[in-house]
């Protein structure tokens, strides 16, 4: 269920990019996409039926069932990368606002 | 020098030297160019006729040569035209913006020509063709119009590209790039494709209908000494491809026949005759002397195509002879006009007149050239047209026959017009100080005059050589003796005709000398219904020369140009559409494409 | 209209993706993953865990096995911090006027809170190989402490130069540690320290060291970004 | 010596450079040279990174880099070009040196890495560096558009990678290739491959994912133009080539769609260039067409000539954008009418520009011709006549607009314009034009190298 | 239905609804706040799927910092408008 939701979330992010003309909304949409993607990545590593997080207290725990740790490592990286992109995008948004005094892409006169 | 490879390298080296020399002294560089071309011509003439050229390749990578009568015939004609034209360089180059590179590119293109006609490999052929195209393409904008280069390049490159696609189809079928093996290996549908593509290439380079509109633009606007090269030499590249396509791939297209001809050849013959008709009609109404000759080139290209599409020895002989005759004639005519243009600065007939008094030798050269063009004995053009007529009549091709005769009659009309407008008639006041062309420029003029007459009076030797080519192509040659040519409908004795003409002209000349001279009057010295004439140009009789004739097809005259302009416009609109579809400022557009493509791909998988 | 169309095709896309994934037999159903078929299984074997010495397997992967990714990730953050500063321009800047005046209580309170936050962040970073957390959240928490200072005091400007210095030095040491791996062991970022016992604070070889560096670097980078967002050009 | 240094040293330099701004430009120079020299000493093969005891461990747990001849050629080109472009802009764009260092690290990482997720990380690094480089255009909206489209692309790419991981349980490219080939069910990988192809296509300027190009390159300057159209385009083409030849299996509908898209890209690129009057737009649309040709060649397995095409294009586009962007800056307009007669007083620059353009058009005596003829021959060998026809028809259009442009630039209009090029610019132009000329007339070395380019699988099979 | 399934269903639906609202809300600040809420929901989802590391990071960075950056950007805009 969460997996399906994450895919739809990703797609909603794409939808947001499709319909919005506002710079901030676009960045929000990008973030929604990223969140959806992150949940999707975690979901492909999820093991049902009482698996535990991949953190052990000692080597004796290794007999238990764990969820896949690798996707979690990937998501950690992906989140931080997402922040980097968002920060940069916001910085550009601020510059755009400074230049054109609007966030609406339609109202800017810059040629493509 | 008998080695083709060394000749090519020599030309490249000479080009560089010419560039440096021209940089310091235009005249010196041009003289050097003349000698370089002359050296090549002499080498070619010395060894080539006996098929004694050395075709081994030691230095140039990936290139191989072979010697054929066909290639040599084209090569010697074109090198000759180059040689003739190079005599004009010393007097023209100094006006050009980038004169240094003119000689360099001129010699480079000649190197390309040698390579193109001696290679036995399709890729080499394409290489040399492209080399010729871009080197010459940079020469054209030195003249009047900058856009002319684009037009010339566009059509030429389209032709080469069509040829290249054909080459790759051949390669795909036969696995070889060898010209003769490759073409021989073609059959069935592939052969038809290659045939069509090669014919497109031939038409584009020859400037035949419907790919002709670059001819007047390029010829008319090219630098004056370059127009003869374009018309007399470079256009013949198309004829070369035409020969390859029409004769080498011939058997394969024999699926359907019409008039005993494979349908492909028949269509080419029809298109060729349309070329003749359109070229003639357009030439008649053209005011610019160079453009007029360009249209005449188009119509003569039609003759060549018609000749080669009728698959028999006589027609081939006519075609090959016509290549020579037209090269000589059009070079002569263009060079005459170039000389006039140098003296007066214009090629518009309305603005010229009475040049015969100032430039009698040039006049004579032009006269002889146009007689040849019109196919009147005793010039070369007559022989070739006679042969082509024979072949066409034998085949019973009615429409083609009509076109061929129409072209001949039309030639009288249009070549006479510049003769009258440029050289005859009243002398215009602004050209009082004009002088005959300098001696160096008269040398090629005399040579061309002589050759035009020679080809008309003693065609035997040349036709015998042409027989070699025809045999090489797998057909039987024509019967020819020193003084007589045997056609199917009769025997032609050009020497006799030449003699009669010589006697006739002699008598006429005597009468001209003996009888009283006509009185010279000023142009303004006229009486027109009590009106004083202010503008002498309106009195010029080149104005509305063929007015009634022109009115017949005035409206239809530039529909092909319109078609290509519209085509370019359509491409441009397509580009705008592309920008709208793909290069939108909206991110939504990109998102849409991404989503659409994924959906499209998954559609097939999921459902 | 446009919105409806957009919604339709995007939802169609989502459904298509879901259907395609469902149809793909190699793609495991949600929750039915068989770790035996994956490379991750090997991260969980006893010998490997003992060799790494990190109780938190995710940390072992993030910093140990895939430390290169983490270096890249830090670099992404670094370059975006650099970029933000670059875009806003290096000219003299002043604080953004936030339109609310922080009172005395807030200022004192925030100072107290600052201590707690910093201690928490240090704990999180140092226990990255034992418990959830680690350099990234820890660094972010350090940055949030700085953020708190900014919000509590409308005149506050942190020492941006200092952040830059920490950023650069921490990053350089990260790389140098990696290079030391190349020197003392065989591969870049390979562990060259004793790993200790799984589950103890001083274990897992270079992992805590790297996590500290990451924490410092992330903290200073994000703090730099925050500073950039909370300032503007003087003349404006 | 270890291939990881190619990535790490620029990173280290970037970290150091932020501490002291003054040494940053010099660091870039040193590091660039170091990388180029280092490449001579590195051996081909896999390089493992991270992990704990590489010898004991199965090496697939960590990340590995793969250096082969393909990557080596790409790295030389890219590091060299970055160095040259930076040297030319040394005075005006000093502030960009840290970003260029990071771009260098990112692009080197892209070309070397053998791990799909690691690839994504480097895609982001180089992507962000590219956004920052394009910010030099002072057109924030265009850059923002680039950023958003790039972010979508890399998200899609990551999505594809993750789906592949879920299916095959690995991120290592080589293992992944083997697993996919072993499973043999190509219908199942359509979704991840499509997503990854689109993700890469965004950066590689493939139609229709390239709407950002117009805004970014249409306003480029002497730094951004060559960097994006030369360096980044080359790197992304190389990367795309690696993925297409090694990982992606294009079959059935996917092959058709990809081929159609690329063919459309070639035609549309040239047609759009034909309809443009702005010089920079002409160049950028032509580079879209070229990128599509390269990708099409990789799809059809013509690797070596595609590599040469990438190299030739990168060099040519660098020169062309440098010439045009400098002129645009001085004249104040990039309309081809406004630049009429640019070469009247800059004959040398004009000559090199002309030669380079002729090479792009694929006319003889220049490298472009040799490359074009060879790849067309190979395409003909596998019977792709339709593709040949498409490429050639596009090249007719390309030829026409380039000739139109060249003629305009050589012959002056009403007003004279004066643009001064530095000696350093001229030197670079001459070297590149000469290189194209030399390889165009003496192509034996190119054909000889043919056999030494190997694919990932061959490297693996040979140990 | 197990507890896990119910929770995940609820979270899934909430995720979609909030995402939709984030995109369709008129005011930008609401949009940002919805994004923050979405991020918090994602944290819950991460915890549910046994990813505490990711959950902490997402909570601090995704939900906290990103929202802060958005808000700061909007704040500077507000100030400018008032001038």
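Think of it as A, B, C, D and E in the order they're written, each chain with its own count starting at 1.
By definition in this document, a contact is a pair of C-beta atoms (placed from the backbone, for glycine too) under 8 Å apart; a residue touches a chain by one contact, two chains touch by 3 or more.
Small disclaimer: the values here were computed from a predicted structure and weren't measured.
S.K.: If you apply the touch rule, which chains end up adjacent to both chain A and chain D?
M.R.: Chains touching both chain A and chain D: B, C.
S.K.: Can you list every chain that touches chain A and also touches chain C?
M.R.: Both-contact set = B, D, E.
S.K.: Which chain is in the middle, if each chain's centre is the mean of its C-alpha atoms?
M.R.: It is chain D that sits nearest the middle.
S.K.: Which pair, A-B or A-E, has more C-beta contacts?
M.R.: Output for the comparison: A-E.
S.K.: If you average the CA atoms of chain D and of chain E, how far apart do the two points sit, in angstrom?
M.R.: Spacing between the chain centres: roughly 37 Å.
S.K.: Would you mind pulling out the distance in Å between where the CA atoms of chain B average out and where those of chain D do?
M.R.: 43
S.K.: I'd like the Å distance between the centres of chain C and chain E, where a centre is the mean of that chain's Cα atoms.
M.R.: 18
S.K.: Measuring centre to centre with CA averages, how many angstrom lie between chain B and chain E?
M.R.: Taking the average C-alpha coordinate of chain B and of chain E, the gap between them is 75 Å.
S.K.: Could you list which residues of chain A touch at least two other chains?
M.R.: In chain A, the residues touching two or more other chains are 1-2, 4, 8, 10, 12, 14-15, 17-19, 26, 43-46, 48, 53-55, 67, 70, 72, 74, 76-77, 79-81, 83-85, 87-88, 90, 92-95, 105, 112.
S.K.: In chain E, which residues are in touch with two or more of the other chains?
M.R.: Residues 51-54, 57, 61, 65, 69, 73, 76 of chain E each touch two or more of the other chains.
S.K.: Can you list every residue of chain B that touches 2 or more other chains, as numbers and ranges?
M.R.: 583-588, 591-592, 594-595, 598, 602, 605
S.K.: Could you run through all the chain pairs that touch each other?
M.R.: A-B, A-C, A-D, A-E, B-C, B-D, C-D, C-E
S.K.: If we count contacts the way the header does, which residues on chain A are in touch with chain D in the complex?
M.R.: By the definition above, chain A touches chain D via 10, 14, 17, 23, 26, 30, 33-34, 37, 40-41, 44, 70-71, 74, 77-78, 81, 84-85, 88-89, 92-93, 95-96, 99-100, 105, 108, 110-112.
S.K.: Mind listing the chain C positions that touch chain B in their complex?
M.R.: 6, 9-10, 12-13, 16-17, 19-20, 23
S.K.: Mind pulling up the chain D residues that touch chain C in the complex?
M.R.: The touching residues are 2, 4, 8, 11-12, 14-19, 47-58, 60-63, 95, 98-99, 102, 105-106, 109, 115, 117-118, 121-122, 124-125, 128-129, 131-132, 135, 163, 165-172, 175, 183, 185, 188, 190-191.
S.K.: Mind listing the chain C positions that touch chain D in their complex?
M.R.: 17, 20-21, 24-28, 33, 37-40, 42-43, 48, 51-52, 64-69, 71-73, 75-76, 78-80, 82-83, 86-87, 164-165, 167-169, 171-172, 174-176, 178-179, 182, 185-191, 195, 205
S.K.: Which bits of chain B are touching chain C when the two form their complex?
M.R.: Residues of chain B touching chain C: 588, 592, 595-596, 598-599, 602-603, 605-606.
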